[in-house]
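Residue numbering begins at 1 within each chain, and the chains themselves are lettered A, B, C, D and E in the order written.
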Amino acid sequence: MADDILELKGISLSFGGLKVLSDVSFTVPEGKITAIVGPNGAGKTSLFNAISGFYKPQAGEIFFKGENIGHLHPPKRAKLGLARSFQNIALFRGMTVLDNIKLGAHSHLKTGLLAALFYIGKAQREEMALREEVETKIIDFLEIDHIRNMSVASLAYGLQKRVELARALAIGPQVLLLDEPVAGMNREEKEDMARFILDLNQEWGMTVLMVEHDMGMVMDISDKVVVLNFGQLIAQGTAEDVKNDPEVIKAYLGSGNVSDMRRRLGVEAAGSE
Amino acid sequence: MRIGDAVSTYPSDEAIFRTQTQKVWMGIFIATLLTFPFVSSPYTLFLACLVGIAVISATGLNILVGLTGQISLGHGGFMGVGAYTAVWLADNMGMGLALSMPLAGLLTAAVGVVVGLPSLRVKGLYLAIATMAASVILHFIFVHWEPVTGGNAGINLQNANIFGINLNSDLRMYFVVVPLAIIAVLGERNLLRTRIGRAFIAVRDRDISAEVLGVDLLRYKLMSFGLSSFYAGCAGALWAYFFKVVTPESFPLDTSIFYLAAIIVGGMGTVLGPILGAIFMTLVPEILKILTAVVVPILPNAQVLLSPVRVVVFGALIVGFLLYEPHGMAEMWRRTRRYSHLWPFKT
Amino acid sequence: TAKEDIVFAETALITGVFGFAGGELHEGIVDYFNYTNENGGIRGHKIKHVFEDCGYKVDCSVATFKKLTAEHNPLFYSGDSTGFMKAINPELQATKNTLMSGVSYASELTDETKYPRSFIIGPSYTDQMSILLTYAAKEMPGAKVAIVHSDSGFGRDPIEAGKAKAKELGLDLVEVITTKPGSVDVSTEVLKLRRKKPDYVLFHGYVLTPINEFMQQMKDLGMATKFMGTYWSSSELMYMKAKEVSDGYLGVMHLNYFNMEKSPGKEWDAMRAYNAKVHPDKLTRPNFYMFGWFQGMVWAEVIGRTVDAGKELTVDNLRATLNSIENWDTGGIASVPVTVRNNSIPFGRVFKVNAAEGRYEPVSEVIEIK
Amino acid sequence: MDWLFFFESSIAGLATGAIYSLVALGFVIIYKATRVINFAIGEIMMISAYLFLTFAGILEWHPLIALPLAMLGGGLLGSVTEKLIIRPMLGESPISVVMVTIGLSSILVGAAQIIWGPGPRILPDFLPRAPIFIGELYVSSKIAYSALIAIGLLVCYLIYFRFSRGGVALRATASDQAAAFSMGISVPKVFNYAWFFGSMAAALAGVLVAASGGLSPYSGSMALSILVVVIFGGLDSLTGALVGGLLVGWLETMTGAFLGGEYKMLTIFTLLTFVLVLKPYGLFGTKEIERL
Amino acid sequence: METILEINNIEVVYNKAVQVLRGLSLTVPKGTIVALLGSNGAGKSTTLKAVSGLLDIEDGEVADGKITFKGRDVALDSPDKLVRRGLFHVMEGRHVFEDLTVEENLTAATYAKKGGAGARASFALVYEYFPRLKDRRKGLAGYLSGGEQQMLAVGRSLVAAPDLIMLDEPSLGLAPLLVEEIFEIIVRINREQGTSMLLVEQNAALALAVSSYGYIMENGKVVIDGTSDELMKNEDVQEFYLGASGDDGENRSYREIKHYKRRKRWLS
């Protein structure tokens, strides 16, 4: 299929005796937002790790733009345009926001050791061009100009997540892998993040593959949803399809109805004591 | 008090010295360095050279430990490789410092890369001990490879010159060592504003995330080992030119610990730290000696009685410093500076 | 009119691994100069003694040398480690007017052309070892000998030469053992020696440990081996610390000991008296103290002879005087008549520990190494 | 091949190894609880040996009193160290903490020299002297008895950590202090106990080492071998300390016996490098968890 | 009604410089679940840490005010002692002991009990509530997925059998079904063991659903409080915490926010 930018074929991964992924196959359509959902421990993050090359699946192939990338080292894959953010924030705490973002662009820069030591001509020009690009395209877009020279360690959680996104953007991705981009955020911050993702997708035409547990957001913004359970793919399709799949409801969604649950637990009674 | 510095271009924002004041201070500093040897006593001149060599070596170790996060206890051994190589090249090939030092640095870098090979799998203290293993093996080679290293007796540098100028005085050494130290520090500073420096720090902070973001771990770890050893090799070469002899005992394990202490007390991962640390570690023992001498009129036997006390005080100073400011002297310096900029307002 | 002071500078070894010996040595030097000054100096010249402690670190020693040389322009300098002696050699030759001696007996320093200004106040390590081997060969021709030495520059110094010498003397060198210096477990080495059954074990590169442990374990095993050691291993520490085990231990010494059964001479008496006067609490002294005293005494003699000859106190003149010293009677400080050759005094006597009495007793004639 | 010599050397090596194990155990306990790499452990050994010398040699108390007292002294030294200089460094980079312990070792060396003088010392004999013969096989008695004593304490420690919750508390504290607190584990106490008992093990080893090797303010440098031991075995593994100690002790001795003393360090460190490349966390060390 | 925890007008300062709580008060009646809501950085976690004494570790300090647990000032006891008195804090971000196995994690929690030894029996209870942990009980906690780690964190509190559990964002990173499960279990624990709960949550809908009383804080102060029913009907709460658009009460879609929000920011 021409319009699938990423294709996974029969990915199986296990640790010792623990089967984390078994025979997972699906495709990620170019220019769309695809979400992976599934219970905790289903293997979503592991799948991301397999895509970015940190885990080596025992079986299966990964195609990126029609090319098998299964044998490539992680840095090579990043260079090809597979960028990601991490479930547990993984910023470089010893660097400023700006440097964290610049690091994302690492694989596109060419400065060698000697040039770097003396900061001569080419090295300097390259750095300046990078700075310009990061400033105008990423920092402005994500509205983080006021914190660019701060150390990331002192930032609020929501901002850290945003810097992670910025760093991923600096990789110059064709596919953006986001692992739980709005976990731990309040409604307002979630809305901001959703907005950025939508803009990236619609205005920059970027393909997004994300893992997220906030079903409200997944349903609202994704074009395709893939459901994993115990390492197996149990459903895929549009948000609407998936939402009504009984197996998905049983394994993952639950009732989703708060007042129902309240009644079931008889909380009202307790509340009015 | 200074209020924000307005910068209008990216290059000026990324310049090393961003303000006029900084440039003026730098000028004064350079001028001081230039005039110092002419007003100092031979003894302080000697110490200045020693500090200069220590700065180069500490800066090199800082690249590896402070920036890249790979703990090494092999730095002394690397300096030894540089020292032996330089002396051998000078005596057997008739090379001057301008050629023998970089070559010594390169050979040391090669050794460093080999020693760094386990770093992809081995981390933290495990790595530190692996590097210590390297220095033990190097020491064995120094003792037993007699034709080259002169075995126990070591080798003497007969022909210490640079561009034909005989390096037989501390004054001349000073004008070789100090510019090289400045270049070494500038190199490190430059590195920090390019992709290589960032990659080093990324490897230190979170190596596996860095890898997924496009940093080739092995390549950068080895690069760091190589560069750090290059610095060590050059420092070792200068050391040999300075003392004119290298023996297996010249660079014991203590040397590695000395430099580790220097960068930690100075402030790891900063540019200023290794400089301050090198000064501290070299000069404090001397200062303590002067202090003991002050007591002599009161307590005639003080120099003898207080000698072990000096050992205690030196240890206590290291401990005290780190308890007071675990991020080292560079952090203290930064705080003072911030305070002085804001003065008279409280932060 | 008071004559000009003569400056004697010293890098002392008060701290560091050799602190226990260095401290005594330093006191020996100090006491000798005070004693001399109290008695009118050397031909009217008072001696000014300046020093700093370095704890056996080369760069510190070099720094101290520069500092003391610059500030005081000493005529004599007492240095420390072999590494320092080598590092400072070019510098030393460039100074106006300084001669050096020190605690290093490194064999290399006997090369007069390479080290024209450094001097060993005694026999070099190689010579010490040769003296002991000569003694053994004489006492028991063709004896089986084992050498045990520490794995340090100092420990390895005379080993090759020692092997050659043993062969030359017709001794049967059955084993050469290397150990770490300091506290080590030596039971495996004892196992080796138990098999080789040497008549003599010669130690070099230690001060006390682990020599005592070797002797103890081998005696416990009922072996009749005799033990001997070079200068640093021939101090009073042996019988003071190792007690009965050390009985019969053989040391090589170019000095007399502080503690002798009968007085070997007038200067020795004077030294004892001076020590008793200044340090009434120090009833006995390890011979590191004697070494310090003797070091001062040698240089004083050189000055005295030069002045007597009406020559100026220049390096060349002093050097010439030094080299001309032949059969000098030190009044019981040295155990041998002092003759200078190859930058050193290549003579010694073998002493034996009498543990019950707590002293060393001479058991050999003066042995000269040529 | 002289098999008798081989066995004799092996026994001597294992006996030395048992003492290494004991120090390594002390080292590992401290590391496990506080993640502190204690470079001063050799100096703690040295000071404890001096304490023993003072009690048994100078005050002439019975060794059975002097030895526990020296161990207690070593333990207290560890405990005080923890309170005064380790606890304030909590949360700082591990390497800064390492440096603090290096500073401490300098302090202890100087202090020993001030208190006990710079000269070498020999401890009073307190172990039976008569050589032991097992058939033809000779064993140095000092070494044998030292090893037995060391093994005694080793076994006590291992049993404790195997069968009590103590081990879990130790590791929990190391893994996450805040969480350990919130489990009701008294973190300061765990730290202090770890330093106390870790140092106490080192103290006993210190006395035993000094009993056969002699003592000076610089004796602590033997702890270098201990670093090798704990890396061999795995920094945080008690089993590793035990096995590593025996292995290194044996290997060192065998190298000394068959190749010569100058090859000891070379052999051990070369082997260590190979072990690390194959098993980056030593033989038994836990692998650091790496996840994204 | 008897109160188990009372926080009275406390102020908390970090690093002697950053003031985070400014006069916060709240009460937890015995045997009930109380919810504490608020936006990111409002100081919810700080409040819990102030109670459990974990502020010290982070260089924080209760500068003013008083906290009493079971009638006794918490400042008088060390954090571990408080735990043994029956106050258990399930920290934000799970804080499982990564190098320990699941079972060892539970063993560590037995330190929270006075007796300690008998606690092993309670492991069965944990495994009954969380069967998934039983499957993985010999595995290292560090390799558990996020949700499993959260279960373990709550499971540890069961072992401790405390009188009051303070839960900091138990639903963080959990799948919807599991969120429900966890909340059900929280309610069950509250019911079956009679344990009081102070619940900090981002998921306001659920938190208010299971609690009987709620506090909402902003900027270090309580701004609204009331019974959970009252709060759920409050308009501001609906708008900012439940994600309902102001006018019709329906949940607004993430797609529809468009650029409105951002423009607002630009202007301010």
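One rule holds in what follows: a contact is a pair of C-beta atoms (placed from the backbone, for glycine too) under 8 Å apart; a residue touches a chain by one contact, two chains touch by 3 or more.
Every value quoted in this text rests on a predicted model; they were computed, and no experiment measured them.
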| item | value |
| --- | --- |
| Touching chain A and also chain B, the following chains | D |
| Averaged-CA centre spacing for the pair chain E and chain B, given as whole angstrom | 49 |
| Chain centre separation (chain D, chain E; CA means) in Å | 44 |
| CA centroid of chain C to CA centroid of chain E, Å | 76 |
| Separation of chain C from chain D, taking each centre as the mean of its C-alpha atoms, in whole Å | 37 |
| For chain D, residues contacting two or more additional chains | 110, 113, 118, 262, 292 |
| Per-residue multi-chain contacts in chain A, two or more chains | 45, 52, 54, 86-87, 90 |
| Chain B, residues touching no fewer than two other chains | 143, 208-209, 212, 308, 310-311 |
| Chains that touch, pairwise | A-B, A-D, A-E, B-C, B-D, C-D, D-E |
| Chain C contact footprint on chain B (complex, rising order) | 41-43, 46-47, 50, 143, 152-154, 156, 168, 170, 243-245, 247-250, 285-286, 289, 303-304, 307-308, 310-311 |
| Residue ranges of chain D touching chain C (in the complex, touch as defined) | 2, 5, 8-9, 12-13, 15-16, 110, 113, 117-122, 129-131, 138-143, 209-210, 212-219, 221-222, 253, 256-257, 260-262, 264 |
| Footprint of chain E on chain A - complex, ascending | 15, 18, 37-42, 45, 87, 143, 156-158, 180, 183-192, 194-195, 198, 213, 215-217, 220-221, 251-256, 258-259, 261-262, 265, 267-268, 270-273 |
| Contacting residues of chain C [partner chain D, same complex] | 14-15, 17, 19-20, 23, 151, 176-180, 182-192, 194-195, 207-210, 212-213, 216-217, 220-221, 237, 241-242 |
| Complex contacts: residues of chain B adjacent to chain D | 65, 71, 118, 121-126, 129-130, 132-134, 136-137, 140, 143, 208-209, 212, 253, 257, 260-261, 264-265, 268, 308-319, 322-323, 326 |
